[in-house]
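Worksheet: one structure, shown below.
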Amino acid sequence: MLQYLLSRLLRAAVSIVMVVTFVFVVLRMSGDPATVIMGADAPPEAIDAFRKAWGLDQPLWVQYFAFFEAVFSGELGRSMRDGRDVVAVVLERVPSTLALTIPAFFVNIAVGIPAGVYAALHRNSLIDRCVMVMAVTGFAVPSFILAMLLVLIFSVTLGWLPSAGQDSWRNAILPIATMGFGGAALLARFTRSAMLEVLGQSYIRTASAKGLPWSAVVWRHALQNAAIPTITIIGFMLGGLVAGAVVVESVFSWPGVGRLLVVSVANRDLAVVQAVVLMIAMTMVAANMVVDVLYGLVDPRMQGQARAARR
Amino acid sequence: MPRFASAQSTERPAVTVAVQRISNSNTLEMLTEQSNVGTRIYTSYAETLIGNNWIGDMSLQPQLATSWKRVDDQTVDVDLREGVKFHNGDVMTAEDVAFSYGPDRMWGGGTVEVPENVKVVARQALPAFERIEVLGPHKIRLHNSSIDPVLEGRLSGSIGMIVSKRAFMEAKSWMDWARRPITTGPYAITEYKPDSVLTLSAFDDHWEGRPPLRQVRFVETPETASRINLLRSGGADFACDIPPDQIATVEADKRFKVVGGPINNTRYTVFNKSHPVLANPLVRQALTHSVDRNLIVESLWSGRTEVPRGLQWSFYGDFYIADHENPAYDPDKARALLRKAGYNGEPIPYRVLNDYYTAQTATAQINTENWRAVGLNIKLQMVENWGQISEGGPETRGIHDWSAAASLPDPYVQMSGSWGPLGSPWKSNQWRNEEFGKLSQELGSSTDKTRRIAVWRRMLQIIEIEDPAYVVLHRNASFTAKRADIKWTPAQSFVMDFRRHNWSA
Amino acid sequence: MPLLIVIAILWLVLMLAIAVSADLISPYRFTQMDLRNRLSLPVFMGGSWRHVLGTDELGRDVLSRLITSIRMSLLIAFGATIIGAVIGVTLGFVAAHFRGIVEQAVLALVDFSAAIPFLVLALAVLAFFGNSLVLFVCLLGFHAWERYARIARGLAISGKTHGYAAAVHQLGASPWRLYGRHILPNIASTLIVSMTLAFPEIILLESGLSFLGLGIQPPDTSLGNMVGFGREYLSSAPWIMLAPAFVITVTALCVSLLGDWLRDRLDPTLS
Amino acid sequence: MAFVEIENLSVAFGRSMALRGINLSVERGEAVGLVGESGCGKSVTWLAALGLLPASATVRGSVWLDGKDILGAPKARLEPVRGGRIAMIFQDPAASLNPVHRIGRQIGEALTLHRGMTGERAKAEVIRLMDQVGIPDARNRINAYPHELSGGQNQRVMIAMALAGEPELLVADEPTTALDVTIQAQILDLLTTLRRDTGMAMVLISHDLGVVSETCSRIAVMYAGRIVEEAPSGQIFSHPGHPYTRGLLGSLPPLTGPRRRLVAIPGSVPEAARMPSGCAFAPRCDLSTELCAQVDPAPLPLADDHSAACVFAKPYQRNVHPVAGEGAFARERVLQ
Amino acid sequence: MSGGTAELLEARDLARSYMMHRGFLGRTTQVRAVDGVSLSLSRGETLGLVGESGCGKSTTARLVLGIEPPDEGAVTFDGTAMPRSGTSNWAALRRRMQMVYQDPLQALDKRLTIGAQVAEPLDIHRIGTSAERRERVAAVMAEVGLQPHHAARHPQSLSGGQRQRAVIARALVTNPDLLVCDEPISALDVSIQALVLNLLMDLQERSGMGMLFVSHDLRAVRQISHRVAVMYLGRIVEEGEPDAVLQDPAHPYAQALVSAIPHPGKTAARVILQGDPPNPANRPSGCAFHPRCPVATATCRTEVPVLKPRRSDGRRVACHVAHGEAAPARAPTMLETC
């Protein structure tokens, strides 16, 4: 276990270093934050001064090592826009994003899994068809279109819910619904096919042959097995949630990490972009490791091994 | 201690304003926030010595200065208003004014480390500023190192907001200060969440008396549709930056009204003379003759803005050349010019930012179509930021969009600053014209008004007709949607004025 | 074959036909403007037959733009899917063939792309490198590469350790022959299924990027770009946005349905 | 009436007929062998009888259990039968055990269901059962997962699970294929002992005549969804009545004596969807005539309790004409 | 071909270990799959290799073919040492040594026609012109009893017996000198097993190739082999004439194996082995079979028996008891009877 965890951690660290390096190189090679932040009319001397102040005039590798040195001493730099410590800038946004993603995640699970299981158990029934059409549609509608439609219906027409901003918990409902729906649809699809696959297995027949009532067969034997492939999807869904947050936060003017990223990218606020990406990458790596561990717990065959065929 | 909005003033309304951005730089100090965006917010919490009649004729007005007078070409004496309080309760003195224009805030070299870009911005805004001399608790004298016909005007610029010396020195660093400046405006900053919300509360100790609103909240809502929806769903009282096409949509609901119109900002499209094709003035002339301004104004702006006579403003007074004509929309002439220039369909890049200006992308597409129609091979390139516009060698840079504003009734600052030898196009070798350069210098140093007017006329002729550096499109317009029951007048600028004289509901 | 699948296939064939013959069938040039005739209504809302689907904010024919956009979006989706599959399969095979350190390197790359959500990556790359069609397609091509890499590697390893590939190796075949002639055709069906699953994702990604202003840029047009620019007109001129949104959704839906169906057909474990 | 009587059972998957009218009875305490090539319908027969086929299967006929038809019976009546009166050991033990449950729990489930045992009592019984089927170190192994056990051990877990309900009939579907000869021997011994001790009836499904003959008293030979020959096991070897049975016997290499060329059945089992008209075996049969392609022969009694579905099968007097090949088997002896 | 007196195949003291990750702790353990196997094979001869599952039969087969390098020991083919796997020499040698697999469907590429697959070794080794190749393929297919029209078929559309014939045809198309059959019949139906056994015997008679026949089916091995080797846990424990070994096994494991063969009318005693099949990762000391051996002695627990001819009849066996070096703990007559 320990060795496994260590090697997993090592790979995680390698991939995080890769992420950071990649982002660093992409960011530095591709455009000069000075012009962006200083604006259209800034005189060249101002831009030069800015570059110098932020060390952008040094060779790339010098900047790179300086950056890494700083990261290891816990110093992720300052925002070029407002001079604040980027950790503070990012952390300030994290609660907002979590306020969307965590409930959305629960919506995903609470709606998607039961819907998928139900559809699988009633395969080819009318309800199965409906669930699947909903699920495929939910996957096929771009989230911003869904978001705008929800706003038109629930805010503008009905006036039930606020359309943007972050004043109360009611503001969170539409964004959560938007993010929840897409994920739930995806999860329902995967749960259904996982469940169908499990229901076709011999051990389900064995359980029936024992004389177990069908409901017990489903609850005791099928669900846990169906959870195995579903967990891998949940791991991927986390990435989808983060990406979804980028779009949804823009539509709903929700000041979360996603919007911070968009704004910082637009402003070439390198340190902030880097910190956000680093944070997302670490979250994803951690989430993937949690999924790995969960996987081991749910599937005794997988204990100590990485998932064989994570799709 | 200051008295903020308290129980007895709860009957005053609070308003929410949906804006596209609150501050580009995430700071509230105008030395770092140099964008149009910042213009919208700062007049509510900060004041300058000399104010501007934004919703009127843009004339200069007393604000923190009660009066001023020229001592000589290089010196101005200013009397300061008495009894002005900062948001921290301190009373404003000449010390504070001198400090606001001093090295710690602007120039560097004092006790505080000033960001490089701040120094540059300050130097650009006040090119010949020397120092401020404190003549008394409420009297100062400003010394300039050279002649500046528009020195007073410069004092009304946003960077001249007067700040509390004590508060400044208490801040941990310059940038810390910039995020939470202590100033004298009618509303005080109570909360600022970057990229999200700026809350201002009534500052009841303001020298004009109690402000009309209990609270002003600027909510950042980048999506146009979201801003309109916020207004329509009651989440906001104002929605800024409404594209002209949406006016009808908003006004379809009788509860809302869209106000605003042309502002003191002109949209124009500029050429890079060092591009091999554009080096030929005939090609540039052809470009200017195939821009259909009126069509743009009619279609994209529903006629709600106007086409100025070149890059000048009617408030220039005597300097307004009333008979100056823009190059006419004349495709045949453009074709003839192209033939004469021997143009053979060589591609010309046109770099455009995605709606940095209102309807920019649409305008660019219209222009491209018109240019295409006369046989110009324009390659529309959408770019992300200003840096990418100026990227690459001369042959990769062709045409791009720009805008110009003027706040002083004299063409010198605006035109020579932008296009003269000190301007960035000149420096970056984008457009140079020897004659124009000489005239530009003369316009800045001459005090002979008639001569200056003649010079100015000639300059316009050169830069817009003979050796075009740009083609003027139209005045920019700013539209703000608001609750119909609110009586509030928009400014001829991005400024939003929430002072007593501009509010009743 | 279920009716739904037949409909899906017909729809996709229609889309392909439109894409191929875009120039022939579009009534106007897609950039052609008629500024005096902006935002005119589509026929079904009472507009004229001159512009069946109405016109957009610049008076351009929505139908013509839609047709060109379908071509562009399909091009992107196909291009990106194929690029992703080629890169992924190649790396997967390389990992399976060399094992050891090479395999670990590929796996680290896989981890890398799992560690950073694609939209975030795209945001960074596109914003910083500017946008060109080629870059855009390549970038989207990276979207699902690691999925293909995993599949290719897994199937190649299992094929190599037992079964036909081991047999062919034992006959003395070269790696080229082994992977090109034997393993690739055998895993093709699995790959095709996962390509059909990636295809709608790419269409959606493209529209998401367009929404954030990073997609295909004018004067070019794509479905996502139409939706992105049309979204401001959702309440005043909904036809600008709804037509492409409908095509996006239905196409994504059809490809997903087809993909699911193919997977069920090709996956023997699902009865 | 016999304990279990399958009457005219037919099963179709879509258009392909997997079973085409099976008649088979099992007496209490009897051991019946079911042999035939792969795909001839051995497993489906018993899956159909217990209602365990997927919904896509169309099942006709009747299955009498103690005089009551359980085919298509409601779940409430079927559930106590499954595992309680008729238990089944499935072909592939590794796939037939739930991979995520500990084996103790899986066996215990049957105990709770059919014998109402829970907690410690159930645990003790599980351990006893596991000991009985010869899983060493049962006390610890109850906490093992199927993947932690070998194929043979999993097969024994399946057997323990089947025995947990103390069934009256045990259907063992190829309990020894994919097992080593030595382990196969152990399991066959175990089943024989159990049957002797508890008086339970057993159906042993296999394609290996050797395996079946050793354990069962009566053998039914299946071909293409039919029972083509049925006889006491001795009789099958001495007087194989159906050419298919003779083919099966001939393809078994002898263990002793001179090495002869093996007599193999040419061709392969017809696909269920493309069943030839007439006798299904006719295309592979060296005796077949035109008649065979037309007539699908009904079982013909050859002697008491011996019948064969072949037009050429001749009735005989018991122990009169030993058939060629019998000698080879008769001479076989256990070698030490 | 370099003929001479050298045996076709000589394997000396082959050993092969695998590292295996086991359990939640991820400990790696060494599995000694093959542990000192020596064997030889001459032209026209068939050596049967029997033993229970996991005893290393397939590994031995792979080592002998050079598909995997042995950790220890060496393989000599036709007098020359086996080149390293993957080298061009090795690849060239493939045409002279071929393999037939347990599961024909798995060994064939489902997407290519039978004809293409049978021709593949000729393509790989660039033998003959394309016309000659076609001729050769047709000839080989006829030889194994496939009809010409089968060439255009895909593996799925053939019966099990035909598929195995296709695999055999592919193996024979280059006229190999050595054919290794790894459980070629155990995935097949009883009736088809006979067909394949007959075919292999006929082919060997015609071409005189050497054959290594791996199986755990003693009946089949007796039918086809000239010599039999019994393996237990990575070692050969007994070797000799098939009839001799099967009728009078000397090693207790071989005895158990033989007694386990089910056959009709069997009534006699059967050796039931106690305990579990052995775990190659945890090899018992001394004679690996001693924990399950009914006659094991103290010596067996400590000393590894060597494979050597028995004094009485020259049968090669590795057992202390069989060599009379230790007295049996229990008389073999005490076997349980059922």
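To keep things simple, chains are lettered A, B, C, D and E as they appear, and every chain counts its residues starting from 1.
FYI, a contact is a pair of C-beta atoms (placed from the backbone, for glycine too) under 8 Å apart; a residue touches a chain by one contact, two chains touch by 3 or more.
None of these values were measured; they are calculated from a predicted model.
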*Chains shared as neighbours by subunit B and subunit D?*
A
_Can you tell me which chain lies farthest from subunit E, using the average of the Cα atoms as each chain's centre?_
B
*asked:* Based only on mean CA positions, could you tell me how far subunit A sits from subunit E in angstrom?
replied: 53
*Computed distance of Cα centres, subunit E from subunit D, in Å*: 31
*Could you please state the distance in Å, as a whole number, between where the Cα atoms of subunit A are centred and where those of subunit B are centred?*
40
*Would you give the residues of subunit B that are in contact with at least 2 other chains, written as numbers and ranges?*
223, 225, 384, 388
*Of all the residues in subunit D, which ones touch at least 2 other chains?*
54
*Per-residue multi-chain contacts in subunit A, two or more chains*: 31, 148, 152, 156, 200, 250, 266, 268
_In the complex with subunit E, residue positions of subunit D that touch it_ = 37-38, 136, 150-153, 180-186, 188-189, 192-193, 207-211, 213-214, 233-234, 237, 247-248, 250-256, 259, 261-269, 329-330, 332-336
*Contact residues on subunit C for subunit E in the complex?*
162-164, 166-174, 177, 181-182, 185-186
_Sites on subunit A touched by subunit D in the complex_ = 200-203, 205-214, 220-221, 224-225, 228, 298-301
_Which stretch or stretches of subunit B touch subunit C in the complex?_
223-225, 228, 243, 245-246, 248-249, 295, 298-300, 352, 354, 361-362, 364-366, 368-369, 380-384, 388
*asked:* Quick check: in the complex, which residue numbers of subunit C touch subunit A?
replied: 107-109, 111-112, 114-120, 123-125, 127-130, 147, 150-151, 154, 194, 200, 204, 207-208, 211-212, 224, 227, 231, 234-235, 241, 245, 248-253, 256-257, 260, 263-264, 269-271
